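Have a look at this one before I ask anything.
A, B, C and D label the chains in the order they appear, each numbered from 1.
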Amino acid sequence: MEYADGKVKDLQIAYIGGGSRGWAWTFMTDLAMDEELSGTIRLYDIDAEAAKHNEIIGNRLSAREDVVGKWNYTVSDSLQSALTGADFIVISILPGTFDEMAVDVHMPERLGIYQSVGDTAGPGGAMRALRTIPMYVEIAQAIRAYAPKAWVINYTNPMSLCVKTLYYVFPEIKAFGCCHEVFGTQKVLKGILEETMGLKDVKREDIQVNVLGINHFTWFDYASYKGIDLFPIYRKYTEEHKEDGYKEADKNWANSTFECAHIVKFDLFRKYGLIAAAGDRHLVEFMPGVGDSYLKDPETVKRWKFGLTTVDWRKKDLQERLAKSARLAAGEEEIELKPTGEEGIQLIKALCGLTRKISNVNIPNTGHQIANLPESAVVETNAVFERDAIRPLYAGELPEQIKELVDPHVANHERILKAAILCDFDLVVEAFLEDPQVKGRASREQVEELVRDMLRSTAKYLPEGWKKYL
Amino acid sequence: MEYADGKVKDLQIAYIGGGSRGWAWTFMTDLAMDEELSGTIRLYDIDAEAAKHNEIIGNRLSAREDVVGKWNYTVSDSLQSALTGADFIVISILPGTFDEMAVDVHMPERLGIYQSVGDTAGPGGAMRALRTIPMYVEIAQAIRAYAPKAWVINYTNPMSLCVKTLYYVFPEIKAFGCCHEVFGTQKVLKGILEETMGLKDVKREDIQVNVLGINHFTWFDYASYKGIDLFPIYRKYTEEHKEDGYKEADKNWANSTFECAHIVKFDLFRKYGLIAAAGDRHLVEFMPGVGDSYLKDPETVKRWKFGLTTVDWRKKDLQERLAKSARLAAGEEEIELKPTGEEGIQLIKALCGLTRKISNVNIPNTGHQIANLPESAVVETNAVFERDAIRPLYAGELPEQIKELVDPHVANHERILKAAILCDFDLVVEAFLEDPQVKGRASREQVEELVRDMLRSTAKYLPEGWKKYL
Amino acid sequence: MEYADGKVKDLQIAYIGGGSRGWAWTFMTDLAMDEELSGTIRLYDIDAEAAKHNEIIGNRLSAREDVVGKWNYTVSDSLQSALTGADFIVISILPGTFDEMAVDVHMPERLGIYQSVGDTAGPGGAMRALRTIPMYVEIAQAIRAYAPKAWVINYTNPMSLCVKTLYYVFPEIKAFGCCHEVFGTQKVLKGILEETMGLKDVKREDIQVNVLGINHFTWFDYASYKGIDLFPIYRKYTEEHKEDGYKEADKNWANSTFECAHIVKFDLFRKYGLIAAAGDRHLVEFMPGVGDSYLKDPETVKRWKFGLTTVDWRKKDLQERLAKSARLAAGEEEIELKPTGEEGIQLIKALCGLTRKISNVNIPNTGHQIANLPESAVVETNAVFERDAIRPLYAGELPEQIKELVDPHVANHERILKAAILCDFDLVVEAFLEDPQVKGRASREQVEELVRDMLRSTAKYLPEGWKKYL
Amino acid sequence: MEYADGKVKDLQIAYIGGGSRGWAWTFMTDLAMDEELSGTIRLYDIDAEAAKHNEIIGNRLSAREDVVGKWNYTVSDSLQSALTGADFIVISILPGTFDEMAVDVHMPERLGIYQSVGDTAGPGGAMRALRTIPMYVEIAQAIRAYAPKAWVINYTNPMSLCVKTLYYVFPEIKAFGCCHEVFGTQKVLKGILEETMGLKDVKREDIQVNVLGINHFTWFDYASYKGIDLFPIYRKYTEEHKEDGYKEADKNWANSTFECAHIVKFDLFRKYGLIAAAGDRHLVEFMPGVGDSYLKDPETVKRWKFGLTTVDWRKKDLQERLAKSARLAAGEEEIELKPTGEEGIQLIKALCGLTRKISNVNIPNTGHQIANLPESAVVETNAVFERDAIRPLYAGELPEQIKELVDPHVANHERILKAAILCDFDLVVEAFLEDPQVKGRASREQVEELVRDMLRSTAKYLPEGWKKYL
């Protein structure tokens, strides 16, 4: 890469999982609309054909006249060639297929355990991690060997464990994880502010928050807009809308598997005093499964107005995206140049020195950014991004009650990483038993059987070491 | 205070030491030029007449047509009335008079100990602290009683000990210390960048640095301008200019008691690899007094091209400022509306929510912002200022060699605070003996005699408890 | 001191508070019965006559034929002369008189706050600390000046704050605090073991315990006798005797102001799972005063079968001890040579190298002996005593529930030390308000008035600095 | 196990590596001479025949009339059967054969790297660890499954990494490592004391020391015998005997591969001020290989008067032990009942509650027993052993200079554990390069080739995962 006059040229970005039909196009769109960056995107994917498609789509986009960000898209046929010489590495992969995800999400239902997402915590998150971690071990080793100074941006879930694995294998890695759930909650605050105060065109980025927690279970203990403290406004709103929640202008929880009415979030505010900063579908998976669980059964879920993301839906959605991919590659459809709301490009620019930016990020807690979590935990807090540096802000302490909710997940991250690299069945069972969604809802025997069945059903994407248990 | 539409009205600022002939006018100037803030400045000073003068000067300024920042200046006749209801408290006082400062700076010369400033470290800094700390104990108690939620900005030296005392007495205080030495070094970098790269109009604030250390002995381990790493540029420059240093356009070290040629700073870079970020006059006072001390004797000082600030000079300067005060109050002279380069007003605006700002600040290390200094140390690092919040950035670790230079000063801060509140003679002797400028250069007996003489000669401004030793 | 052939000769022990009518004789008795130590006891007391009496009593004892431990007792007329050359320093003083103690114990009763001891926590403990800390500042300064290498044994209450003050003033001091409450609880365990298992002559020292907590509020999370776990035995006993408690052979709580039936202790075991290891009179003062307080009123106290130690009783007791002192000095009565059960002499012997001993001790938590208390807390745990060294054992963590009980006292120790050295009225009020016995039971105004009255009534023994509030 | 009247009956001890021809007989001897313990020893070994031999030898010994400690020796044919129901688990195994050890010790000589032992640090220690760790993963998993409450005593080298692996896999394990090097140094002190002070029959256990460091690289910062400080005595002796060293009565370094003249130890005392507490053969392997290395070449080794333990010697020695095993099993030779000087049995007795004992032990630093090493390091310090508990003593801080020697080994323990479980070639190379014996003495290419050759030559005892590199 080369900096001159406020622009960076010849930036080399390796994109692992570059065959994606979805997030890749988001990334291309943002790149296309920014004139201060240019260079090469090296697409790497185990599905080489998919990568090839995106190469075509990307280069077609770059060639358009209305596109100011010009990039050269190429397919790399090995990790080594993708990484060697890269300035940035983007990782966004799907570990396994939707068949494996169906096991993650739905098999635990036999014990009454419903999962709204199933990719982060809970049995689904754990199983997905067991497939993902070995891949991340390999990726980290490759980065250490071929691009040890590159910045690594992770988008894959389970976020905390992906980032944790990268740092475990290669502690000097310059990696961080990005997730937009916080932005979603900023938008909720923006909407409430506009609705209640009559303000217009509040920018999402101007909702300043202090972020603390772990990915998909983050919290704000501070939210301001200019000279206005948003906490009293939020408090009043949550009291008045505890039943109907907050409805985004263009979204409707009842029509979408991804949306929610935010009343779980409102309820958590009432109980814990902080603003939970992820979609309700994610938040509920971190909470205890016994007692008044938001995920008790499908009826309860309906009452709390969020959706259970079925894998059937995902499969159908994939078909549509495959079709779209074909159309894009064939030039039958064009990518629409509309800002996506992602900050990825902004962060890359900041790391190139073009701006200085404060944003939320998932990295190990080595700066003690959350004072009462261990250094080894991967946490999500704000950080300053500047040329070749990320500096976490001191986010303070989690309140004791919330810390008690977070602690078992942090402990499970340690446990699952260990389970994955040792192929240790008992540790998986322990992780399930300690997961709040499982704890107290099934016997050890039931859990052992579930773990065994889930391993068996996803064995195709698991290392050899698990064979002995199956 | 009241926020509306991007402005803050009716801000109440208590100014302790408001009779100042110097910094007060700087503050007034900045306030006068900013149209987003308005309110009342409550001037409090033990010299009531001086405060009265500034009331007149301030209100006269506010009345000018070319002034956009309108403030009401009033004199408060007690700490209680100044503080009650204040949103911000600014403290900038002179503990004692220049007669006491003459003792601080010059009496140690009898042991061959020359001090270029004498208000921070060394015998002078310690004695000044013994006078200052009791005042700060009282101020902190008053803030706790009358304005516990106000933001407190300290400008008095010794900075670290003033801030430390405030937090010691009232741990919940929202206090921080501001110093412009870092800005001075950013300006040096800006100048070198312009000189060597042919750039123009680089803004001081765009020289992004990572600040770590203690006040007047801060360091940069990172310095960037946009996409450019300033370290290789600085390295080259310091090698080529190790003898002549860097000369600021409008400044000449040989003509001024405050200036320097920065060759101490260049020499420290060669030895330690980081950019020392204070004026050379300050830096040298933290370094060992034995061996190749930059402060060995006046000849050595001359060779290193910085000045020993004599108190005679300060006394003369005061006379001029007194005269100017009279002229300003009488309307015979006008304050010039020129930006002063201080960030105080900017920080106040950020704390009001009008902006978000990253700046260097002196606060306790409770956020572990410097990972290898104790939590109780008052450190200087960057922090984010936003509405009603300061969040330190994680600054990393001091390199081992620099930490060894910093450690004795951090230890002396503890010792001197303790000595001041216990009126403990032996602790002062110990603090002198452990100060790097004194260590190894005088016997315990000599130091005991020096301490006794210095206490005796400044007794007028010291608490009763010291009497028993004099 | 001089070691040879398993004995230590010419040991120099300074005894501050050496005019005591009580503990001094205990100490003399133990010294008299041990043939491995000899030397000089330097008695220092502000009541010089009392010290003189003990000189006579001590030397008379040493002269007896049945006495194997020969010591020379002398009166020192200054701290300097007592300390210079001392190997050990014993401190056991009464800060003020019983008139001040009457204020400590009884004045808070006007707010319904009853204190069973009033010398450690609660309003009484705090006021006593305000008198004691200035004396300990002076003692610590004297030790630093005249005997910096001597071992210092503290017996004065409030223990934690006395030890804390010594280390605050002179961090390198080799000081520790001894208290026999733990021994008392070991004796209860011994008694229960003998009673339930039919064992005989179990030695108190063979009841091995893991001690953790703060003085007078210590806990055992482990208690063994040889191969036997005492926890199940204790659990069973406390269930069967929750009403009648445990009755020591030669003691009866109803007859004595110092005794108890241990049913508070049993109740705490039921609630918290650990064995509280101090007399019930002490334990209750650390517990919350609202809700089911053991100290709600005299009737409640009676129901829990412990005594409120009245100061009238103490005054009467003193008269008897004064009379005894006169008889002992006159040779009309002899000291009885019976082991006292104190470990002080054993610890001195261990520090001389004659034995190696594990015992409980009060020192700062600088070895992280209690992992979840701050380093600056003075804690009580086991330590190994050997020649010129005390090495704390790792005691582990306080269980979360008990930590919540301990935390406000640890915080108050910081607060009260600070209040005492700054003469800071508001900090005393805050300390009262945060004390669990006071918290929630009185308004700030009531507490301010109480503090003012207590300070006024004990002003004779307080530093000048308090005058301004009275 | 069952405790009654000062004895423990029916103790179940699993002995992993129970086919040993050497240490097993030491253990049997100590058991045979102690009348307070009895029970069953379950011998488990991958060499079932060897275990069978020891079963015969053990039972034959137990049957002797002069034996007071009666034990039943049995062979277990699986880890599961050995562990289920065990109270104690002893692990003492040889990972691989002497052929692999020959690779460990001698192959690095091609780069000029001579190793005196080759089982702890250096290339040999690392390679041995790569073979051992997978076995310990399996053992730890088995203990977690079958005997999670049992006490585990490790004797296998590399000690630190064996203990570290056990805790990594099963953090709740009650494991510790025993090594007699410290005893050896206590004996040196005892000998010097007797020699210089004319004392007789000083007991090794009465040489009280404060132990701090890591296994085979431990240090004393304190050594006393009763009232006598041994440091001045040791200092004088080392100065007078810097050339000839200290000669144990019955030992001669020149005749034995295991002995030394202790002049390395004396030299380290001169340089670092503490007493190094392991045999010189071990100590030298931890020191830098560049500069004045004690291991520069065989001539240097000779000058420093210690031996390079050749594997040929070990192989010959094994032949003798095999022959002895046959004779013992056949009853042609009897085990001699002479105390072995090991403390293993004493520690077991303490953990049974029969005694309370202070001894040195290898465990994770979770009690912060060494204040300036990380919690995750396995350290060697003193601890108190009592019924079902080990409580580390606070050992203080390693002096800065020694910490700098220890740090790279602690870092390598992390690295090698990770390398072993990930089968990560680059981490092994990094570990070699960071090992002080290798650092600065070979290029990365040379080291990569050496690592590859060593892995290849020992592949039979390494996991599959390494195949891809060979």
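Odds and ends about this structure:
To be clear about the criterion, a residue touches a chain if its C-beta (ideal position, glycine included) is under 8 Å from a C-beta of that chain, and two chains touch if they have at least 3 such contacts.
According to UniProt, the chain labels map to these proteins: A, B, C, D = Alpha-glucosidase/alpha-galactosidase.
All of these numbers come straight from a predicted model, not from anything done at the bench.
Of all chains, the one whose Cα centroid sits at the greatest distance from that of chain B is D. The distance from the centre of chain A to the centre of chain C, with each centre set as the mean of the Cα atoms, comes to 57 Å. Between the CA-based centres of chain C and chain D the separation comes to 44 Å, rounded to the whole angstrom. Once the centre of each chain is set as its mean CA position, chain A and chain D turn out to be 47 Å apart. Counting only residues that touch two or more partner chains, chain C has none.
A ring topology is adopted by the chain contact network, closed into one cycle in which each chain touches exactly two others.
Pairwise chain contacts in this structure: A-B, A-D, B-C, C-D. Within the complex, the chain D residues that touch chain A are 137, 141, 144-145, 168-169, 418, 421-422, 424, 426, 464.
Contact residues on chain A toward chain B in their complex (touch as defined above): 3-4, 6, 8, 208, 210, 222, 224-229, 352-354, 356, 358, 367-369, 371, 382, 384, 386-389, 391-396.
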